[in-house]
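Both complexes shown next keep chain A, but they swap its partner, so chain B is in the first and chain C is in the second.
Right, the complex of A and B next:
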């Protein structure tokens, strides 16, 4: 599926360029070069974590380039039959495409496209192996729902890589508020009082203004005492999301047999019969895990080709991974410095 | 292979170079008695929301609105006045067609007896079957068989160069390709620039000595392609429909390909700095880039682009 119109002559011009020796691309890059990627985190003040990413943006007038905005927002859910909460919390991803990014698409086609993107992101990021451990609040009662929303503002090619990088950056930036559980104890007089403590922060709390609840002193079924939670420090942003270094990135291998190339522009994408998306993450020992894989387009691929592509894809992913991590750490230091100014 | 950068600070370009007046100081652009001074101010840029003149003395045109008996600019652009009509021509806008303009367009739709063409204008342009060159003689009545094979001439996505012939009542433009210079495009790539940066030139078909042909569409679509020698152009003797409507590229050698890529880059560099394109400027820029940069890839660097712009604009 291509989102840009291209004439046959343009297609064959691009393909012939890729296949010539040495290969040449419209903007003079070599096959495995990326355009410059601009990234900043903590762009949305109301979100728990956010990032803005642009691939191939013209530094002068800000034109051109794929641009994606990602934001993560936490929401409290009750774990109950009928309501949405799940033990240990859950993640919901959604990708929205701005109509301005795809002016040639009808609204139905646009919906299809954003559904495809949402599915790929959701399937990859909600895999149990990636699930952060600190999304639970009260076991059996409350949990966090992490909404990860992305908006594709401009698409000039390689949108999947941009989406996954932006998602990783936003989740890296996400802070989960610290919580402390609150429990009610039946007093002899029949009214109930509150006692803080027993939560994650483990700090003992004072008296609070909480709706009172009458608990029967004879009820022995209730094993879990904690019924609600509070934020020990409203102004504290909280702790980082657990396992934030594990979020995968995506490498799109654009295949014009027998060569493949990275970071296609939208014209190049329209001239490419087959694209392979590899979602890869690296653990602490730097060994690669493939978290997902997709093919887009109607080209053909043999198994032997695929093994070669996987090997190459891992190599590219490692490079992207390392430079993205460096950038995120730099950004983090910059933000802390900015905060300490005040 | 991959490099990350930061976005520029969002607050860096908020300094205004223009002097700000107190609200009591009236700055009236129009002066009925002094039409010449208005002409001198003709190149002055307006800000959206800027008051231009009194609505009692003037009529509002495009790009303006009336509030509190004042004509106020609604876009950033240059002021134009025809008698009592004041309008503002926006700097960044879609292409405003005029009859006789040379444009490059892309077919978006094939309809009965006509093609819809995207020409960077507000509405899609129309190319009638009767205004293209049909195979078998230039002067020929169109037949039903022609209607049935319209996709054989142009199909969706095809690029073409054409001239603005006339306007329909709704303002859409009608194109024609009834010349051997016009028709389908191949052997190259398209660059899209803001239409205002393409100046009206004596000829919009340029040939650079590096073996590259350029078609500067007034609508901001620029076609950069391999040079085709005059005597090898299709349809020299008679009209060869097969060659004119062909979708197959010629063989393009590496040096030509590199030159096409280089010219494309130069155009991008110039337009990102908002420099209007002209044949001499492009040629100068090409020579400079060959002298100073060995590789097309060098052009991607920002410093290199800066140096290029400085050197060619200082020479003027």
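Right, the complex of A and C next:
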């Protein structure tokens, strides 16, 4: 889907520039250069994790460039038939585009675009191989629902790379509150067997036990006795998401046969017949996994071409991956320092 | 009530924001508002402000994307971004008006902007209402008759909310329209005010907003005309005038802040133009 209107002459001018030797682009970059990427984490105080990412923003007056805001928010869900909760928790992504990012699109077209972006992000991030292990609270009863919301504020090209990088940064930044399971039991002497009444806890101190295995003489079944949970330390932010290293990033390869280039501006995107999105993640042993792939546009691609592209894509992804990790780790240290000030 | 009693505070704003962030997080998890003292005996509010103290205001007028004019403003933890496009040809021909420009206001609220996540669609009642309020506030202020058969698009994005969303939207829209160079009669400066028993106060946070009767007004500082008054709660008639007058005074203070931001922005732009025309020779 082209989001910028371009005349035939402009298109062929841009394509000729890309195909010439040496290739020339409007902003003087070489084919495989990225614009500057700037990233800031923990920008939304009400979210559990958030990030603001921009590609190609002018560092002096803060103008121009693609800009994406991502925030992860945790919600408690009850696991019950019909209530949506899933054992082990789940992740729900949504992408919203500000109408200011696509000023010439009608609201219906904008909705379609949003839907496309949401689907690609959701399909990639909710893959079982990436699911974090610490989104469960009480087995069979409660779990976390992680809502990952992205807002595209400005699109100046290469929005998919920006979305995935912002999503990754926000998930990296996400802290899951620590929980402790709570269980209610009847008084030993009493025969009434009141279970669950939260209000009864205040009657006597011994009414509520925390994390203690109680063996009832009657009950021989192996069931979870914990009925509810509490936050042991409210002021503590919690622990990071499990497996946060593994969240994938996206590399968009813009193909003007026979060459391909990276980080297209919106004009270049409009002049590119085919774009290939590669969602790649790297595990601890640094081997690459393809988590998703998508082609956009009406161009054609041969299988042999694709193999070459995959190889190149992996190389680019590795570079982005490494610099993103470095930046996120730096941010982490910065935040800890900031916190210790108080 | 003199306007000198109203101050914008930037000094301990950091601490104030930190405290209210933690508090909002707390509300989000526990899902209940523990009884908060709206105004304690020492005359302080829940976030440490005095009665007539406004939250810190941050204004950024740098260009956002392809917009003709844009502004982002934050009143404390409430953060709003506005982009203005136009005057331009309307996307939808049927929306054009033969003797003046049509204002098109679209509001979107980020799902993560509140304590409890909530995704509001374009057709949401609340969204329509705020967008309608913005439109009717600006219709008499913008000189629409200069641009017949055209459209001015105002896209409002709420990034964070902690009370006073409408006021932030209106203030940001004023600034964005100014930075787009659209002729207006005057600034429009909005502010919210409330009353706790008999004590009026200004610039309410979310906690205060949900607890006390409050109203939002928009003033045009030059003429001191009021272009918007909204109130969704009940307020005693005897209290109304006091809070209304106080809010007008506060609107004038906000005007000062907005004017300073616009002047600072114009100054940087003028310097750039000078550099361009004289090649920087006359720079000191």
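Simple rule for what comes next: the second predicted complex is superposed on the first by the 307 of 342 C-alpha atoms of A that agree within 3 Å, B and C clash if a C-alpha of one lies under 4 Å from a C-alpha of the other, contacts with A are read in each partner's own complex, and residues count from 1 in each chain.
FYI, a residue touches a chain if its C-beta (ideal position, glycine included) is under 8 Å from a C-beta of that chain, and two chains touch if they have at least 3 such contacts.
Please read these numbers as outputs of a predicted model, since none were measured by experiment.
Undergrad: Just from the overlay, do chain B and chain C fit on chain A, or is there a clash?
TA: Because the two structures are overlaid on the shared chain, the partners are seen to clash.
Undergrad: Just chain B (first), just chain C (second), both, or neither: which does A:155 touch?
TA: Only chain C is touched by A:155; chain B is not.
Undergrad: If you stack the two complexes on chain A, which partner ends up touching A:9: first (chain B), second (chain C), both, or neither?
TA: first
Undergrad: Mind working out whether A:327 is in touch with chain B, chain C, both or neither, as first, second, both or neither?
TA: Once the two structures are laid over each other on A, A:327 reaches chain B alone.
Undergrad: Let me test your reading of the model: by the given contact rule, A:63 touches which partner, first (chain B), second (chain C), both or neither?
TA: In the superposed model, A:63 contacts both chain B and chain C.
Undergrad: First (chain B), second (chain C), both or neither: which does A:255 touch?
TA: In the superposition, A:255 contacts neither chain B nor chain C.
Undergrad: Does the superposition put A:32 against chain B (first), chain C (second), both, or neither?
TA: first
Undergrad: Chain C has the stretches 24-32, 240-248 or 276-284; which one runs into chain B?
TA: With the two structures superposed, the offending stretch of chain C is 276-284.
Undergrad: If you lay the two complexes on top of each other, which residues of chain A touch chain B in one and chain C in the other?
TA: Of chain A, residues 61, 63, 104 contact chain B in one complex and chain C in the other.
Undergrad: If you look only at chain A, which of its residues touch chain B in the complex?
TA: The contact residues of chain A facing chain B are 5-10, 12-14, 16-17, 20, 22, 24-30, 32-34, 36-40, 52, 54, 58-61, 63, 104, 267, 316, 319-320, 323-324, 326-327, 331.
Undergrad: List the residues on chain C that touch chain A in their complex, please.
TA: Listed in rising order, the residues are 17-18, 21-22, 24-26, 28-29, 60, 62-67, 70, 77, 81, 83, 85, 91, 106, 108, 110-115, 117, 119, 122, 153, 155, 157, 159-160, 268.
Undergrad: Spell out the part of chain B that touches chain A in their complex, as residue ranges.
TA: Touch list, chain B to chain A: 1-8, 106, 108, 118, 156-159, 184-190, 247-249, 252, 254, 257-258, 261-262, 264-265, 268, 272-274, 295-297, 299-300, 302, 305.
Undergrad: Using the touch definition up top, name the residues of chain A that touch chain C in the complex.
TA: Those residues of chain A that touch chain C are 44-47, 50, 61-65, 67, 69, 71, 73, 75, 94, 96, 98-101, 103-104, 106-107, 147, 149, 151, 153-156, 177, 231, 234-235, 342.
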